[in-house]
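Contents: one structure, followed by commentary.
Chain nomenclature is as follows: A, B and C, assigned in order of appearance, with residue numbering initiated at 1 for each chain independently.
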Amino acid sequence: MSTITSDEVQSAATTTVEKPSRKRKINWWRILSYLVLLIFAIVYLGPLFMLVNTSLKTTPDFFKNATSLATSLNFDNFVEAWEKASFPRLLLNSVIYTAVSTTLYIITAIFVAFPLARGLVRGHKFLYTLFVIALFLPAALIPQFQLILNLGLYNNPVGYMLFFLVNPIGIIILVGYIRTLPRELDESAAMDGCGYFRFVWQIIIPLSRPAIATVIVLHAIGIWNELILPTIYLTSEEYFPITRGLIVFQGVYGSDWPTLAAAVMMITVPMLILFLFLQRHMISGLTAGAVKG
Amino acid sequence: MNKTRWLIVTIFVVFGLLLVACASGTATEAPPAEQPPAEQPPAEEPPAEEPPAEEPPAEDMEAVTLRVLTWQNPPTVEFVEAFNEKFEAAHPNITVDYSVVNANDIQTVTQTRLTANDIDVIAMFGFANAAQPFMSEVEPQAWQQLVQAGLLMDLTGQPFVDNYDEATIRDAGTVDGKVYQVNLGRVSYSGTYYNKDLFAEYGVEVPTTWDELVAACETFKENDIECMTNGGADGWPIFVGAYGLLGALYPDQAAMVEGLWTGELKWDDPETLELWEKYQVYAQEMLEPGTSGIAGDAAPGRFASGAVAMFPNGVWYAGAIEDSEPDFEWGYIPFPGSDNAEDNQYLFGKYDMGWAIAANTPNEEAALLYLSEFSEPDNYQEFVNAVGFIPTQPGATLDTQVGQEVAPYLENFLVGFEQFWSAPKGAGQWANGSQGAAWFQPFGEWDDAAALAQQSQADLQAGLDTLE
Amino acid sequence: MTQYLFGTSWKRWLPFLFLLPGLLAYFIIALGPSLATSVFSLTDVSGIPGIPINWIGFENYDEFLLRGLASRDNLAAITRTLIFMFFVTTIQFTLGLVVALLLNQGLKGTRYFRVLFFMPVILGVTIQGLIWTLFLYPLGGPVASITNDFLGLNLGFLGGPPREAFAWVIVVQIWANMGITMVIFLAGLQTVPEELYEVAEIDGANTWEIFRNVTWPLITPVVNTNLILNIIGSLQAWQLFLVLTGYKAGTQVMGYLVYAEGFGQTSGGAGASFRQGYAAAASMVLFVIVLVLGLSTQFLVQRRERRLLG
């Protein structure tokens, strides 16, 4: 039997990330740690720098030498990208798709995860395995296409967002986390006459904030960066998410890389902000979720 | 906190759903093509491009949205957008809804949009690689499947079809005697660009035979000029650059394909061995070191910079070369793959973009009108100039630089191997010997021409052997 | 089923009722179509309506696994997929763990490192491919300048021999996804109480012993999660190949093959057909591989977890 009680897990789960450093043997290790981290940082910064560098170049410069340093800070690409790719409108589309889909998903996912975590539904073990198998499933683009078509939801934002109601990774994380919440909560709430819905909505959800933050980030990023689904299912330009807007920079025999790079950088900003905002919740969130696997 | 959360989330979701419902409200009306006309641009007179007077008079015109799809290619897209504006101005009841997708996705999107009946006018490549009688158990090509499924409109007998030359309609647009596509242009891929200035500087004559080409390369290399470059990073430019070698040995490439299928011809025949050896020389001695790192769209720039004497690839790069370096003097000749000058007269290529119409389109009249106007000699000429195709209309002239370079060889334009070949099921990946140049080091792993030739034949044979 | 506490009679069905939307969505959007795929694999469906569909039994599988030398190429693709999975999983797992351990010390700037290592995930596959294409540019690119110009090696990078290109894609895949592994490990490391470390140090254990006897067993659950996600993810991954190498002989993996066959993009220009039935068979082959590896991994790790943590 583990020496870790769920209480300790709970308190550890909500501990902040920055821990006081252990003073004794650390100096040696500290230097080594920083060194290793620095090496990793270079490996990560290097390619990312290519993106920034490319976005600052002029197109002819880029074709002359793709990898040389940009000689001047050329912000025209950003302006051009903003205008050419109809940024404001498409960005709004992406925001709507992501926000609405993620919200709907989270709500349905919690009401799937809670009963499965607590065993409140008949056949819950089977259902949980079914969701795990969802990770393995083969791609089914054409049957899905036929389905959407027959439902009359082709070229329709509602039809498009349907795809994002399903995400097995989220269920797995949520189930794991909820399992660590003590059952005494259920009991005391029930004794107070709390109904099922109220209990989940007002108690479980706030307590699961960390896991929810994690799932939100992963799910939102997936929706935001999606390109194949919009290409197939959203053919009217007014529905395009911003990823579709990038096509104006891509050619068959050549693309306008600098402007594309600038566009990409701008597109990344919202998701970066989301991550920065939810970071702290995420760390403690994945803890308990992953503890039970 | 709980109540606020409740409120915020609810508002969020409701707001989102409302937005979506409004948006989908208009969406579900779109397919039936009854739409109020969009804001019209002020009626500017298109310069000297008046629609011909035989237009049906504008009585009884319902508002129509015409959906057009092409793949992404900046000159094409630019031209089509300009054309659409003129078209809309001339026909105020028609709004053109023009979509562009990545070339990688065009196959997929063609299928989905035709299936969903979400498209009226669609761009397609010229029909090629049809299953021949001697090819058993070969799956029909994508376009054959579309025709078979009744998704493309039969254009036989339409007046604008006659604007195009017979060979085009027959070779690139006809299935079972019916016309389904009008093809807008040919491209040649078996030639090579060459740097006129460099040739003059080192006193090298334009090569007309293989030996002359080899000698020319030597001369350049001795003077520290690289002989050839290509977009090796993308893979396909390497073997496309060698299509001239294939053509020099076997000008009748349709017959070559048949011979390979029936066994009359083998990749490792003594005569064909010459092909593999030349592939190797091309890949390892002519192409500059580092070719494998050059991106496809960086190659024209590299050539235009004057560091390399030749650039064997298709005419589609002409525009990029000019954009890189407008003052550059270059020419285009057939890649001299044979030792006899007469064999090097041909230019091989394919039919590139063409227009087809969805069979189930609700806007038949508008779609036919669109094609009709596009096919008018004036509009067509402008298109060809913008995009750089070799024209498929008899009256059109080759105004572009590359057009003029290519003009002397036009009579000897032949459709290339790539457009005829289908591999038998069960054939290995080395069966398509026309791509052999890309398999040699440093692009692939082979270094022995004879061994590769044998492997290629073995891979092909393996497929042929499994046929009933 | 545990005892339901929130009411009696019809209220007992509330959990199921609220679960229904999520479940239905899953069935309709994911499970149903996937079942259809498995049925399609036994037909010659093209994907285009209006073309007759014929039941052909296992012919597609036969063609994929046994026919001529094409099967040699397909089996090579399967092998390659497994190799890819092996290298990506082991390296990504290890690096993710190392970085998480390093960042768990509360060093200054941890927050920035965390975001930096997670950036690729935020950027998405297409961008990852774009920036690495530039970073690995063989003529004068950053890496090439060091390896080829300075060190005199003759690396071909992504345009080079298939084996080398394949290796580079592995590198990029690891770079791209290590962030997720790291974040999950960091979370797991939070559950290890400080006191245990201090006790171990007092007992005189060195860093390695602390890790082996305290840390490692206690993070078993996240180890398991990461193992499963890594293995399955790397078996199914193919989009990086699309962006970095294209459909190059000697580099194809199963996921790419399925996509290319289904939508007629295999020959790189020499014409193609829509063969959804055949592609379905290929994807079922991949599914079986994933299922076997996934479930057996799941079984083994759950067993170990029960043994270690009770």
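In this text, a residue touches a chain if its C-beta (ideal position, glycine included) is under 8 Å from a C-beta of that chain, and two chains touch if they have at least 3 such contacts.
Just so we're clear, the structure is a prediction, and the values are computed from it rather than from any experiment.
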item	value
Identity of the most central chain, Cα criterion	C
Which of A-B and A-C has more C-beta pairs touching across its chains	A-C
Distance from the mean Cα position of chain C to that of chain B, given in whole angstrom	35
Distance between chain centroids, defined by C-alpha means - chain A, chain B (Å)	38
Where chain A and chain C are represented by their mean Cα positions, the distance between them in whole Å	16
Where chain A touches two or more other chains at once, by residue number	66
Touching two or more other chains - residues of chain B	108, 115, 295
Residues of chain C engaged with two or more neighbouring chains	47, 137, 141
Residues of chain A defined as touching chain B within the complex	60, 63-64, 66, 96, 99-100, 103-104, 107, 145, 149, 152, 154-158, 161, 201-202, 205-206, 228, 231-232, 235-239, 247-248, 250-255
Sites on chain C touched by chain B in the complex	46-51, 63, 67-73, 133, 137-139, 141, 144, 156-163, 242, 245-246, 248-250, 263-265, 267-275
In the complex with chain A, residue positions of chain B that touch it	1-2, 5-6, 9, 12-13, 16-17, 19-21, 23-24, 27-28, 30-31, 67, 71-74, 97, 99-103, 105, 108-109, 112-113, 115-116, 118-119, 295-298, 300-301, 305, 316-317, 320, 324
Contact footprint of chain C on chain B as seen in their complex	104, 107-108, 111, 114-115, 128-129, 139-142, 144-146, 148-151, 232-236, 290, 292-295, 418-419, 421-432, 435, 439, 441-445, 458-459, 462-463, 465-466
Complex contacts: residues of chain A adjacent to chain C	1-2, 4, 8-9, 12-13, 15, 17-22, 24-26, 29-30, 33-34, 36-37, 40-41, 43-48, 50-51, 54, 65-68, 108-109, 111-112, 114-116, 118-122, 124, 127, 130-144, 147, 162-163, 165-166, 169, 171-172, 176, 186-187, 189-190, 194-197, 199-200, 218, 221, 224-225, 227, 257, 260-261, 264, 268, 271-272, 275-276, 279, 282-293
